[in-house]
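We just call them A, B, C and D in the order they show up, numbering each chain from 1.
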Amino acid sequence: MDIRLSGVTKIFEPDIVALEDVYLSVDSGEFLYLVGMTGSGKTTLLRLISREYAPTRGQISVGDRNLRKLRQSELPYYRREVGVVFQDFKLLQNLTVFENVAFVLEAMGIPPKLVEGRANEVIDQVGLWRRRFLKPPQLSGGEQQRVAIARAMVNSPSVFLADEPTGNLDMRTSEEIMRLLLSINAAGTTVIVATHDQHLVDSYRQRLVELHNGRTKRDERRGRYFVDGEL
Amino acid sequence: MASFRYALRDTMRLLSRHWGLSALTLLTAASVLYILGFASLFAMNMRYMISRIEGALVVQAYMKRGETADQALELTRSSPNVASVRVISPDEALERLRAKLGNQARAVTLLGENPLPWSLEIQVQKVEHITPLVRDLMVLPSVEEVLYSGKLVERLAVISRASAAVSGVVLLLTLLISTLVIYNTIRIAIYSRKEEIEVMVLIGATPTYISLPFVFQGMILGAGGALLAILGLWSTYSSAVEAVRSTLAFVDIIVDRRLLGQFFIFLFGAGATTGWMCSWIAVHRFTSRGMRSR
Amino acid sequence: MASFRYALRDTMRLLSRHWGLSALTLLTAASVLYILGFASLFAMNMRYMISRIEGALVVQAYMKRGETADQALELTRSSPNVASVRVISPDEALERLRAKLGNQARAVTLLGENPLPWSLEIQVQKVEHITPLVRDLMVLPSVEEVLYSGKLVERLAVISRASAAVSGVVLLLTLLISTLVIYNTIRIAIYSRKEEIEVMVLIGATPTYISLPFVFQGMILGAGGALLAILGLWSTYSSAVEAVRSTLAFVDIIVDRRLLGQFFIFLFGAGATTGWMCSWIAVHRFTSRGMRSR
Amino acid sequence: MDIRLSGVTKIFEPDIVALEDVYLSVDSGEFLYLVGMTGSGKTTLLRLISREYAPTRGQISVGDRNLRKLRQSELPYYRREVGVVFQDFKLLQNLTVFENVAFVLEAMGIPPKLVEGRANEVIDQVGLWRRRFLKPPQLSGGEQQRVAIARAMVNSPSVFLADEPTGNLDMRTSEEIMRLLLSINAAGTTVIVATHDQHLVDSYRQRLVELHNGRTKRDERRGRYFVDGEL
């Protein structure tokens, strides 16, 4: 699905301007890096798309949905089409890795047999097969991050938003995850990755949007990572 | 329905993974339902005793010699407050007297012509109906004398009525408080899971799907609490009945097993219903918070 | 002591930032303390009524004509169950008779020599002391007759004692349940902050420092709940006293303001104490969990 | 303070060997990078030093304390000498930035006046002055991370353990934080930083210890970042 933001501003009470007059157009099946210094508004942008936040001004549409007009009863169904890797993971602490991933499918009413097959497949893809019966507090930071990635992709959403998906991963594992994201993208899913990972951005060149103080500063076809007046 | 099966499984998860919380909630529900049951049984027994005492209140109206009871009977029958009325003929009265006298019954035969008047035995619905009735009867020319059980029984009846009123108020209060305590407990318990609920909403679970396990849990805890309360009440009440029988034989206490059974079933239902409703309200708050976009 | 000031400030934070939880806890505490107070007042009044009924139980022992009361007096005085005993001389008895007869008192003067015997008026401590006392007195050769208030009062006394026993049990149960409910509520409320408590332990706060605000909070909520309960009880009780006065003038009910005041102070103390102790136990569990290294 | 681990093994029930027979000696005032793939045991090692975990086998001593013999009543006082930046921050969600940082000092019984001065100073150092009255849920990932750093350093601990302190930070902010850590180190504090940040490690060369599957694999004076058979 395509994503269009036009004139989006997000102001937090009383006067924190997290995003200001952002225009962004992401076509269906595109892959996009979102970079920018800490506090530049990357997470806010993703949260607006997943409709965790509502914009103060401006319009957002995803596919043929105008998010302003989305009714509350439709929200869960919309969110199932948008897979999100949260920056702070937001895993359910009382469930095992398997249960965390399976939950998304279960909540969609998919029968247990199918759930099990698909959940195990994804857990294997992120390399957590041997950890699948542990709970988040028993996992390393990188392992938790990969659970979050598995959960976001398990129901094959049309839009995939990853907020700092490699922040707790070493270079090698980051690359594996990156290849996974690219394969998801290759299957037609729109992918937006907010990241600070220079190595990744520069190794796998893709469209790159840089935010600076809540405004778009760069939008390049195959951009390189350097932020705010470097070079 | 896969969703329903998941909900049942998640209910078991909730109960077992947070068994400390579950046990505390269960115990709380059991406690307040026990108090509620206790108050109810008390009130029921109060009502029962009153009806027994009131049933024993009989007004006797004696006619003047030579008069029949027709006039008085008519008056009595027209009153809506009278539960029952019986006409006692002089012959019947004589029979009764004879029976009372026992081995001195021969004395009655010495009386010659039956000197006893016609009379009425009247049962009223409630204590407070006695005084007006007596007044009305006294006015009739055919009535010689009106007797009734007197101040003592009246006074006892007043006490009982007062106690019944008090126990009714207590019952209402207890009901209110029980619901409040159960609601608060469940609400506080669900409060500790609010982040979790909000995350579920974030990843696309519907409020209904999220609520269902909590609602089931509430129902189970409410019903379980009620069951514990019923067990406690049963043993308390049995020993109370036992104690009353052996030491206070003259006090009336309800021993009707069917009535008690119905009451316990009602209590069980009330526990379960309160449980799921409170859960539902409590969890709804957090799901709808998760649904709002800020 | 900076720490103490921090603790006070953090208490206010706990109360205000989680005011929903606080309000629920407060309401719960108030509710169960109200029930507890109600049960206590009921039990107190029962005891009071019994003592009044028992105080009215008087055994009268009449001596044979010509005998003095010395022997009976000695026996009575040696019994530990006797509350008080009064010797009534024939002269005093005559005086009383005269007073009773009123305008027919002249009849007494016709008697000539005082025909009345010596007698004793004995008050016992409890109803169950009457029967043995009567038996002992009857055996004495100097005693002619022993009179006492008879079956009715005895029966009433038995009922009262039974009710007192029941209300005592109810009181105990209520006490137990109140503590349980308050403990559960506080425990569940603190449960929702367990992560926070564990983090505090991790960054080097001592268990005491962490507990203090919770303990204060528990104390405030317990005391606040008690205060609400006392207000409720006060208005309930006042209207009960009013109602009894106007309709059941012959029933004894406690109106001693000092006694009631003391009781309310006690309830307040109990609420505060339960609150802080429960908090302390509940929070201790989580601090000590944070202290354990796994 | 110096840190000595000898023969330390940590096994999680039932059979996860997170660390195996680790010997490590860090002198007082040293600066050490801890690197290794995700799940290699970095966090576990730090948690053993802060005595969140107890070792299955082996001895750990910090300064003149033998951690095995540390009594429970001494634990809070020990932890005050060890500042920790947790990988998942562990901020108190209901307190503002200022309160989160001040809490550490308050718990030590320091009077309000002094607390305020010192807390504000540190908050300013990590660049959060304008955010000091916000609560963690209102902060970006990088801002939260810097609150965690400020909290760990506010009481000038003798040992500073930072678990992935730049995972959510852009390059420029990472460098600022790194300079901050170096200045803490320069004041005599022993610093251990577990990190995946290649750029940082290679720009500011320091002693580097690499863990691999729970064992020490490298220990170099001025090591470079590359993990597990790279190069």
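By our rule, contacts are C-beta pairs under 8 Å (C-beta built on N, C-alpha and C of every residue); 3 or more make two chains touch, one makes a residue touch a chain.
Everything numeric here is computed off the predicted structure, so don't read it as measured data.
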Hop count on the shortest chain-contact route linking chain B and chain D comes to 2
Inter-chain centre distance, chain A versus chain B - centres from mean C-alpha coordinates, in Å
61
Could you grab the centroid distance between chain A and chain D? Build each centroid from C-alpha atoms only and quote it in angstrom.
28
Would you mind pulling out the distance in Å between where the CA atoms of chain A average out and where those of chain C do?
67
Where in chain A do residues touch two or more of the other chains?
none
Touching two or more other chains, which residues of chain B qualify?
none
For the protein chains shown, what form does their contact graph take: line, ring, star, complete or other?
ring
How do the chains pair up in terms of touching? List each pair.
A-B, A-D, B-C, C-D
Taking the touch rule as given, give the residues of chain C at its contact with chain D in the complex, in rising order.
1-3, 5-6, 13, 17, 196, 199-207, 209, 291, 293-294
Parts of chain D lying in touch with chain A, wherever the complex brings them together:
12, 35-39, 42-43, 87-88, 138, 140-143, 146, 163-164, 167-174, 196, 198-199, 225, 227-228, 230
Using the touch rule from the top, collect the residues of chain B that touch chain C in their complex.
20-21, 24-25, 27-28, 31-32, 34-35, 38, 155, 158-159, 162, 166, 170, 173-174, 177, 180-181, 184-185, 187-189, 191-192, 194, 240, 243-244, 247-248, 250-251
What residues of chain A sit close enough to touch chain B in their complex?
50-54, 72, 75-80, 84, 86, 90-94, 103-104, 106-112, 151
